[in-house]
Amino acid sequence: MNLTLFLLALFDGIAYAALVFIVAVGLTLIFGVMRILNVAHGSLYAMGAYLTASLTTFVLAAGLPPIFAFPCMLVSAILIGVVLGGPLEWLLLRRIYHKPEVLQLLVTFAIFMILEDVQRLIWGTQPIFQSTALQLMGNVRAFSVNYTVYQLILLPIVAITLLIGLRFFLRRTVAGKLILATTEDREAAQAIGIDADKVFLLTFIVGAGLAGLGGALASPTTSILPGIGADMIVLSFAVVATAGLGQIEGAALTALLIGLGRSFAVYVWPETQVLVPYLIMVAVLLVRPEGLFGSPAARKI
Amino acid sequence: MTHLLETKGLEIRFGGVVAADNISLQIDAGKNLAIIGPNGAGKTTFLNICTGWLKPSKGKVYFEGRDVTPLSPRQITRRGVARAFQIPQLFTEHTALENLLIAAAARDQLRNPIRALKDTRQRAEMMNLLDMINCTDVAHRQVDELSEGQRKLIDIAVALALKPKLLLMDEPTSGVASSEKFGVMEILVRALAEAEVTAVFVEHDMGIVEKYADEVAVWNMGKIEMRGSPAEVLEHPDVIRDVIGEVV
Amino acid sequence: MQVLLTLALAKGIAVMGITVLLRSGQVSFGHALFFAIAAYGGAFTLMLMPGADLIVVFLLGLIAATLSGVLVGLFVARYRFIFFAMLNLAFSMIFWSILEKFYHYTGGADGMRLPRPTVLWIEMERGTYELFMFYLSLAMAVGLGWFSMRWLESPTGQLFRTIKTNETRLQYLGMSPQRVMMNGYVLSAMLCGTGGILMGLVQGVVTPEYAYWIRSGEMVFIAVLGGAGSVPGALVGAAIYEIVRTYASAFAGDVWQMVLGIFLLIIILFAPGGIAGIYNTLMDRIAGTKERGE
Amino acid sequence: MKKLLMATAACALLPLAAFAQDKPEKLQVGVTTFLTGPASVFGVPAKDAAEIMAEDINANGGIQGVPLELTFVDEGAGTETLTTEYRRLVENGAHAMLAAISSGNCKTIAPLAEDLEVINIMWDCGTQKIFEEGDYNYVFRSQAHAGTEMLATVAYLLKTNPDFETIAVVNQDYAWGRDSWDIFSAALKALKPEVEVVGEFFPKFGSPDFSTEISRLQALQPDVILSTSWGGDLDTFVQQASQRGLTNTSMFVLPLAESSLERLGSALPSGHIVGARGDHYWNHPERRDDEDFKSFMAKFEEKTGAKAIYPVFHMSQGLAALEAAYDKAAEANGGNWPSEDQVIEAFEGLEFQGLGRPVSLREDHQGIEAQLLGMSVQGGEHPFATLENIMIFDGAELTTPVGEESVAWVGTLEPGWVDSLTVETYAK
């Protein structure tokens, strides 16, 4: 494991961590505010990827220059958030907030099962590959290894800007403060007149949009085919539980941990690559039962 | 002679603020002690420390002469200290009788995986306990459907069901309508006497303290200012000035 | 059709494990772990001892599941709510990855075969074997169902249910919530294990898919469909689920997942009490009309 | 008394049954294929092909005058549902079954078919273990298995790139990925012992990202990279590899890439070895001018908008085997509708032809199928890679002899063996 291999593993780890963070942060946000673990987050990710691929192909076919592949990502992320996220919260999730936690979890599980089939009905079963955005940015060479600028540089930058942007949004803007207040203590927030319904709707749209963005950014790097939602959602679960309830920074650190853990596993013992995220989760929760940044909810007696 | 419960040099700290320090208190079997003093002075925290829920930054807690400071609430309870809470801590999806039966099952470590809880031989004993606190009519009602006073009594009964040597109570009559307060205390004292349980209770109502406490300790300005019989303590000018306020 | 019922019974027994766990207010999203451990336990028994009788295979599978219930329980019993759910998920996914990865031992994604064992050392051909397995599953479902319901009413069962409402008071009764949780957890692992080994014996093949998180989700779905907390509901729920799933995949070929998803939504939004809930309201209504009738 | 009467009456009728077997109203055949999940990449085109072929067969009178009715079962619903559904179809009177695509499902269904005593043709699964670990009288395979396919790939590699020194493998981590590498590496060790294996990667089945493996491979710089992956995994791997220039520094050997040629488009550059699990290629040099081939390809492209890939060829061989068996059995039964036992007898040494070269069944029911491989080339009149320097190997010499175990047999081959093979070579 000489220095070159160490750095190679580091680069790959960072690239993968950036993507995992972008997807998981949406789930963390929703979970922090609404205490709902949105199993359908994986489907929103997959549909973000599918939508971006279709939009990009359509835009390029219409003769627009390849640079338009990037705005397509933003458009599909917003579409997923508003067109899919909004109604899901407004029509379905709103009716179950006071129901026991297991029922909320199962509603999102049902939505996941439905959306998985919807994807197949719309986009079929053939793998789709639309990597114009990735090819546009070309490669960069490090230690006799070619990396794509898109994965090694763009994705980490987007992840970091997203992290800082979200922190700024949550701590500086009014809407952000409302979300933070509701995350902290829903009853207290409602007591001082925060309209929880509006905050939930806003959070879910932003969360779903982030899942869509994750899918959009991932679409040029991989073939999009049925099943990518299920894998990504289990990984996001690991990130959310390890980071702690609604902890944005926690999600960033955990995503990094999982990304690096996974890429080092490929270099050291490839067999354990799939195991790494879950081993990290178990190890962290062994040491800190409420997750890295979670605070134990002391029971007032 | 060893005291039932003794604390030595306890320091109670809220974050950076030292609420009380060098608290040394002795409680002997058979003598009910009332603790009075302004709110927020750390009385409830004191009870939490004695029962192991919180750990003191300094000082020791002894029960029957043995150091119990590091022990968990579970271990201290097993040694014979029971607790009743300011906010009743009950099993809300169970009935009043079931709450008591569960306490009895815990006390006697019932293991049989087949025999139903309601058919155990402790049932008669628990019905008797309910009778003592005259809540028999609500025996089969879920506890969260009961009045605040009834829930308080059931909370205390659950502690009594453990047949403890010492019962620590946090404002037993708070939340109970003032007209019922004395009724509740009558029932409570009779139940305690019958069960031969020594009680320590935090209380604000001086009428209750005067009538039902064998001894009174005044908790003020972070230390135990005075301790004595209700008569001595309640007439003392400092206590009237700091704690009770002018009787208009 | 009879095999379909046997499979429904096996899955129903496993779902009983989830139902028992729900009574403590905790949801596990990884109990397919014990389902798979029992099934693979059986498969390994038959691989290492080819002539092993059904009873040996069944018991060893069950012991494997119960033991792993104790081991995982020791770690997981401390956690609650989302962390409990996710940690169970993590353990099941670790086992799933091991099953997929160590191909040369576990047969990887193709899984392992469970050739038909002798029953009480009598060689059986397919028809009688499937009939026997139906009656064995039925007996296990009734027996374990009765035991679980009695256990939930027993002192240990009632203490287990107090975890849902007030763990603080539980500690102030001199009980350790972890140990109380362990009782219920090991019982649920044993129940899921029973379901797993029965399913393995009937299917004749076990695949890592037994331990995938979607199967754990499916079990929670059935527990809620049957009526959260109702042990008989678990069996009825499993039967209905298997029938809907088989015919959905037969007739609605490529949208069977959507059919199940919509079915689940309807249950949660309009009949949150599940089948047991519907049954109770029906009974009350009949009792109600009877009273008014007199 | 009544029971006795019924028993004797039944016996009396028995001998007659052999002759005037009543011709069924429909020949019901169940076909298991993937309609959901990653493998639907093969399952859906195969289903479309089966529907076209069934129409053609029924257009000219069906099989021995009986119309063919296909019922499809989704292997994507999981082994449990698949076996339940398979049983239900057989119990409802299916005459024969075409199952399955996944090796795992074939391993489950083979003993089940034997139990249910129903004719089962394994039309696409490649695991060689089924017939090597047990013998069946109701189960047949209308195509080659992994042993034949891997041997053909090694032979083509040694013929076109004889002096490579290092090789790495990136196979999907499930039975197919593992078994195919066991056979390929055993054959390579026997035929070219001095080759060094520098890296073995088995990423998760359905893995969406290979960037870490690709970085590792670029650091290792192997001469040859083998990958028996297929569908989404293969597309992702090749696209990510070509994006980062790995396809310029190493020769890729992709035994299943024929099924991804169209989707890969320009991502698969020239100079890489492409296999097709048999002599299956939409531009098959020996068959592209035959009438039946051209008409089917036109119909298929019109219905699906894509070129036919190897599962389509395998489906054609499966249905052709069924039709040939019934025809042969009917002929032996004096033109009358044959009983199931007669059909099974007809399968012995059966000869049939799908869209590739004729295929024959050995006595262990294993299909002997020719193997086609070629070198990818861009710049033709299609927007995707086509094949040149195509070689078609005869199937018999490559298939593990009856009773032998593939990995063991392959290990006994001598380095000169490759030159002894009968091969037809075509420029394009």
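A, B, C and D are the chain letters, set down in written order, and residue numbers restart from 1 in every chain.
As a working rule, contacts are C-beta pairs under 8 Å (C-beta built on N, C-alpha and C of every residue); 3 or more make two chains touch, one makes a residue touch a chain.
Since this is a predicted model, take the numbers as computed values, not measurements.
Identification of common neighbours of chain C and chain D yields A.
By count of C-beta pairs in contact, A-D exceeds the other of the chain pairs B-C and A-D.
At the far end from chain D, in terms of centres built from Cα atoms, lies B. The geometric centre of chain B is 78 Å away from that of chain D, both derived from CA atoms. Centroids of chain A and chain B (each the mean of its C-alpha atoms) stand 50 Å apart.
One inter-chain figure worth recording: chain B and chain C are separated by 44 Å, centre to centre, where each centre is the mean of the chain's CA atoms.
Centre to centre, using the average C-alpha position, chain A and chain D are separated by 39 Å. Residue positions of chain A with contacts to 2 or more other chains are 120, 271, 274, 301.
Counting only residues that touch two or more partner chains, chain D has 35-36, 202, 204. For chain C, the set of residues touching two or more other chains reads 100-101, 168, 254, 257. Residues 31, 35, 37, 39, 92, 95-96, 99-103, 105-107, 109-114, 116-118, 120-121, 230, 234, 237-238, 240-241, 245, 271-272, 274-275, 278-279, 281-282, 285-286, 289-291, 299, 301 of chain A touch chain C in their complex. Contact residues on chain C toward chain A in their complex (touch as defined above): 22, 27, 29, 75, 78-79, 81-83, 85-87, 89-91, 93-94, 97-98, 100-102, 168, 213-214, 217, 220-221, 224, 228, 254-255, 257-258, 260-262, 264-265, 268-269, 272. Those residues of chain B that touch chain C in the complex are listed here as 51, 72-75, 77-78, 82-83, 89-94, 98, 101-103, 105-107, 110-118, 120, 158-159, 162.
Note for the complex: chain D touches chain C at residues 35-36, 72-74, 77-81, 83-85, 87-88, 102-104, 107-108, 111-112, 115, 127, 173-175, 178, 202, 204-205.
Residues of chain C touching chain B in their complex: 147, 150-151, 153-159, 161-162, 164-166, 168-176.
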